[in-house]
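Each structure below is given as structure tokens.
In what comes next, subunit A is part of two complexes: it sits with subunit B in the first one and with subunit C in the second one.
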Partner chain A sequence: MTTIPKEIADSLPKALLEDLKEKVKSLSQTKAKKVMETVHQEYNKARVEPGECVGLVAAESIGEPGTQMTLNTFHFAGVAEMNVTMGLPRIIEILDGRKELKTPMMEIFLKKPYSKGKDIKKLAMNIKETKLNEIVTEFVINVADFIIEAKLNKEKIKDLGMREATLLTILSKEIKGATVKKKEDSLIIKPRGKSDSLNEIYKLKEKIKGTYVRGVKKISQVLPVKRGEEFIIITAGSNLKDILKMEEVDTSRTRTNDIFEISGVLGIEAARQAIIDEVFKVIESQGLNVDVRHIMLVADTMCIEGMVKGITRYGVVSEKASVLARASFETPIKHIINASLVGETDKLSSVVENVMLNQPVPVGTGLPGLITKVK
Partner chain B sequence: MTEVYLNSKFVGTVDSAQDYIDQFKGERRKGSITSNANIYHDEKADEIRIESSKGRAVRPLIVIKDGVSSLTEAHLKQLEKGEITWSDLIQQGVIEYLDTAEEENSLVAIVEDDITPEHTHLEISPMDMLGLTTSLVPYGNFNQSTRLNAGSKNQKQAIGFYATNYAVRMDTDVNLLHYPQKSIVNTMMHEISNYQNHPVGQNITVAVLSYEGYNMEDAVIINKSSIERGLGRSSYFRPSVAEELRYAGGLIDEICIPDKEVKGYKSERDYRYLEKDGIIYSEAKVTEGDVIIGKTSPPRFLSSLDEYNLASSTRRESSVAVRHGEKGIIDFILLTENEEGNKLIQVRVREQRIPEVGDKFTSRHGQKGVVGLIIPQTDMPFSSSGTNPDILFSPQGIPSRMTISHLIELVGGKVGALGGRYIDGTTFDAEPEKALRKELLAMGFRENGTETLYNGHTGEKFKAKIFIGNMYYLKLKHMVANKLHSRARGPIQLLTRQPTEGRAKEGGLRLGEMEKDTFVAHGASLLLKERFDSDKTKVPVCEQCGIIAVHDEFKNKSYCPICGDNVEITNVELAYAFKLILDEFKSLCVYPKLQLKNKY
Partner chain C sequence: MPKKLIIGKHDLIPKHTKLSEKDKKDLFEKYKISLKELPKIYKGDPALQSLNVKVGDVVKIVRNSPTSGESIYYRGVVNA
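Moving on, here comes the complex of A and B:
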């Protein structure tokens, strides 16, 4: 058993150390020592030097391949009607920290019996959100009684495996400001208030069309797909919280492309990893080659506040300490005026401000300074 | 019942649309209805629309009657003899103009052999689909359409013989080719457009081969002796204008040799070419800064005090001089007056332009390139007959662009040059390549146009047979002499104290945002500072209030406009642009206070 010298053990990260220990096991003492020393040397060589401008290098490294990216969406292989935002628009979407995605998507992995294809169609139908207008053939406003009559599509309801009693309870819960009753094949929806404006009842009619009836909210499309040996469900629309509640779902592998949802459900570290994965996926799909560490740096800056912040003037940029740096990004007058109201001080500690003043930027050779005061 | 509209106005209905239309067309062909009127049957809406308004695009087509073209051999013979003209054909109803709407109801055959009973019209020539310059590309039907477009675009930029009265014209920015030649390989359009009386190119010998790498990436190598014989030689004309403007208060500009007392007087040397009237003499050789027209203007602000105090002439110098980086010979001087009766002088400067490295040349097939190297004839490859190429064109330009016409023209040019005749390369109707090959073979050359060439440097035989022939080449108006630009020191902008922009203003080359980033990424902090030093200034700053102070040059003393002169004032070095932004902050009623700290 070879021991690792202390000075080497102290300077290497844990994961690397474990790996090293494993690899060195079978070697003789002298050989092992040599290996360890080389590893130590290489590790030190690979580290970023002080003063290295990592942020800018990351920006250039992502930005330059970005100019070569093909724009627009990418059609889902083989299956119609499922688009995924890819390429530059997707990267912009992630890095801007947009809350509303163009194409939210989930990949739902399933537990054992279901992943082999058991009840997969039924399961998928259960996940898909059904709205009221899908099970209703006709909405009629009865002007005389001032009610809305919705004619039910019996077959559709049967297909979905719903009972009318449950439907009624769900609807009374979901539709606010109106009572729901059943009469023969129709639902009678009566507004509670004493309004008799035709305009308002028309508005109500339009509103209830989108009422949630069953399934998981926000999941607008489902698509069971066989990937490798198992079945998974790909969805358009994302609702991680409710999906993870389902018994059939393998919670450890199910994922969504909505970073805000991940941050809300699984926490900021998961969101950071999601940003890295999502950005890297796009770059890889375009056949480009960007080192992950650049993306990791971006993801770190986005998540450092404990919540996901975009690289926009409302997000990360608003956190910058320097007034001049913020003003040089976007909406300068707003920043100057606000700074003057509270009397902000700019310490000139970063790059942009110093370029503006024509001073050496505190990066690279501009970083080192004298600690001793010159008298 | 079909509704009929005349120029979008309802005029009535007819029972049988087809009969009506046939009758209309018959009358038009007879000449009782104007040939400018077109009729269109909208079958979906069941409407007939007759248009005779102006502004419609129309084009002529041959009428087909009962499956036979109405343009007969007899017509052609009469045309040849000059017995009938175009308008006769229209009157006879042989040719008619269709607008875009009537075209929708017609079926047009492209060539006579295609005619079926359904066809209503015949193209006069398949070349009709091309525009004027595009149809000047020989063998154009062998090309991809994008190359054809590129080829016609290039031809528009070619230097040629643009007008026979060029010597007395005052055009701005004009080039003139010295020895324009008729092209050997022509199209029908060359004859129709009278092209051969004002040609824009020269027939030269082209060898398709790489040589020393100086013709890669679309460059060409030119034979120096060919240039000395006049290949691609041109003149560049550029006028300078001066006017005796009248100002308020009866003041007027004066064209004269400026007095030494005049404000802004250059130097005696600059005015040396001016004659007594203040205008340069003809054929004077001028360079940058030499005055062409001497002129003085009245002082700008009459009320200004110091202008009153100085009793002597306070007129301003406003002469017209040769622009930065230009030179030439005074070619032509025009004295006249403008609409307001002011004296107007125009002086044209001429400069001979001999092809140099960086000038742009092109064939007629979108194969443009700049001169990469000029080598002496002795170093040019040569054939067994002692022929040297004028231009070496890189074969790398052919495969990706697929300009087959370029290759065919080269063979065609060779046949034409050897046989002493013109070759017809009209698009869709050219002399076939096969015939050219046969003729070439008959003249004792390889039928594919290749020849054995010898290396000009070593005299060794090239292993490959080189494709060599004659082509029509054009010199384009983009010449390095008009574009070359560099600067070490020079003029700055008044407002920002940063260098001016653009070649005309002798400007600097901008180190932009992204270029700045590369410096930062390298950590070259001090080098970056030096790059951005162009507008650095020393500014006195009041230590107490942190606002920019004032330095009084007379008393050699600095004082703060707020705190007076009993405060410490320190000089700080910063970008003038930053001083400007501080001023702008102040104008926004924002107080930018500078807190100074010793750097060390």
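Moving on, here comes the complex of A and C:
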């Protein structure tokens, strides 16, 4: 077998190297050497040259297909009637670094034997967040005693597999400023404060309707689906942290489409990977073709500060050193006024400000001037 | 009882390792940079839980890359 010389092995990326090893296996020594040298040469030729304006190329490469994307926000994912934001609105959502998503979603993978379909319905119901008004048939305000009576739906509680004692303890913990007692088939909720205005108690009644009873908070819909050989659970609403704590869940594959949640629970590197995956998924689903490298560049830029920053005037753009560059993006007057108040200087070291001043831009062949001092 | 969340095994998280002082110096010399110019990672980042890093350390990250198989990235640890 022919070995690859060290200087070639060191300069090639891993994927290319492995490909090369496979290809030269059957060749004779001299031929293999020639192939390797050619590959090395071609690789060096294909590399991005120093000073190449990769950001501009990335912007064009993502921007042009963006004009052809559907402006339709919603898309029903497959047979399952689940709303998912797709197309341009989703791309904007990711790249802006929005904290509130239009349709947060999770894909929960399960460990064996649950992935084979064991107890899948029960498990799904355990994950779905149940609120108080789902297990109560009616709320009545008793004006004379100033209490709220909530009539329980016994069947529903039985379906959920809950005991009434546990229900009571959860409720007394969740409902603040009121005591919860049980009387026959109803719950008696009595506000603790002295105030006895009807208004207050009405407000309380509306508030306790949304009280968390069981399940994982924020998960509003669950849907067990068979994908390939195994069952997974798709949810509307996302709560990665609590889901990963569950024993039945495969913690290595379960994921959400909420980038901020990922960066909080799994770290900044995971968030970067998630941005790439999510953007690529949208672009692919629209039948467009954008090289991953452009998306990788954008994702890297968003995650460079250790937290996810959107490409907005509050995020990545606010980090720019140049006043003029910031002003050229959005709200120019605000930026210029603020800069003049603190006496900022502009070193004119980047692209936009030099374009504005009609000067050579430090990009490509314009760059070396920055490196070599011209005397 | 809430189970403690063990992460570091998720598919999305690439491998993080702490650089030794010597490796750190070599890195800075090779690229002629200082810690300030490196991309940042917060000290409390979930992926650093088991690494026992302090502010000023450099973390080496080996990513899976769709284009080159594997790519190496460095981040300097900063305070949140």
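The definition used in the following text is that the second predicted complex is superposed on the first by the 338 of 375 C-alpha atoms of A that agree within 3 Å, B and C clash if a C-alpha of one lies under 4 Å from a C-alpha of the other, contacts with A are read in each partner's own complex, and residues count from 1 in each chain.
By our rule, a contact is a pair of C-beta atoms (placed from the backbone, for glycine too) under 8 Å apart; a residue touches a chain by one contact, two chains touch by 3 or more.
No experiment lies behind these values; they were computed from the predicted model shown.
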item: Which superposed partner A:C53 touches (first subunit B, second subunit C, both, neither); value: first
item: Partner chain(s) touched by A:I336 [first = subunit B, second = subunit C, both, neither]; value: first
item: Touching partner for A:K183 - first (subunit B), second (subunit C), both, neither; value: neither
item: Partner chain(s) touched by A:K45 [first = subunit B, second = subunit C, both, neither]; value: neither
item: Which of subunit B and subunit C A:E305 touches, first, second, both or neither; value: second
item: Partner chain(s) touched by A:K241 [first = subunit B, second = subunit C, both, neither]; value: second
item: Subunit B versus subunit C as contact partner of A:R192, first or second or both or neither; value: neither
item: Residues of subunit A contacting subunit B in one complex and subunit C in the other; value: none
item: Residue ranges of subunit C touching subunit A (in the complex, touch as defined); value: 2-3, 5-7, 9-14, 16, 39-42, 45-48, 61, 63, 65-71, 75, 78, 80
item: Subunit B-facing residues of subunit A, complex; value: 51-53, 56-57, 59-60, 333, 336-337, 340, 345, 351, 355-367, 370, 373-374
item: Residue numbers on subunit B that touch subunit A, as the complex places them; value: 516-518, 520-526, 528-529, 532-533, 535-536, 573-575, 577-578, 581, 585, 588, 590-591, 595, 598, 600
item: Of all residues in subunit A, those that touch subunit C in their complex; value: 13-18, 241, 244-245, 247, 251-253, 255, 262, 264-270, 273-274, 292-293, 296, 300, 303-307
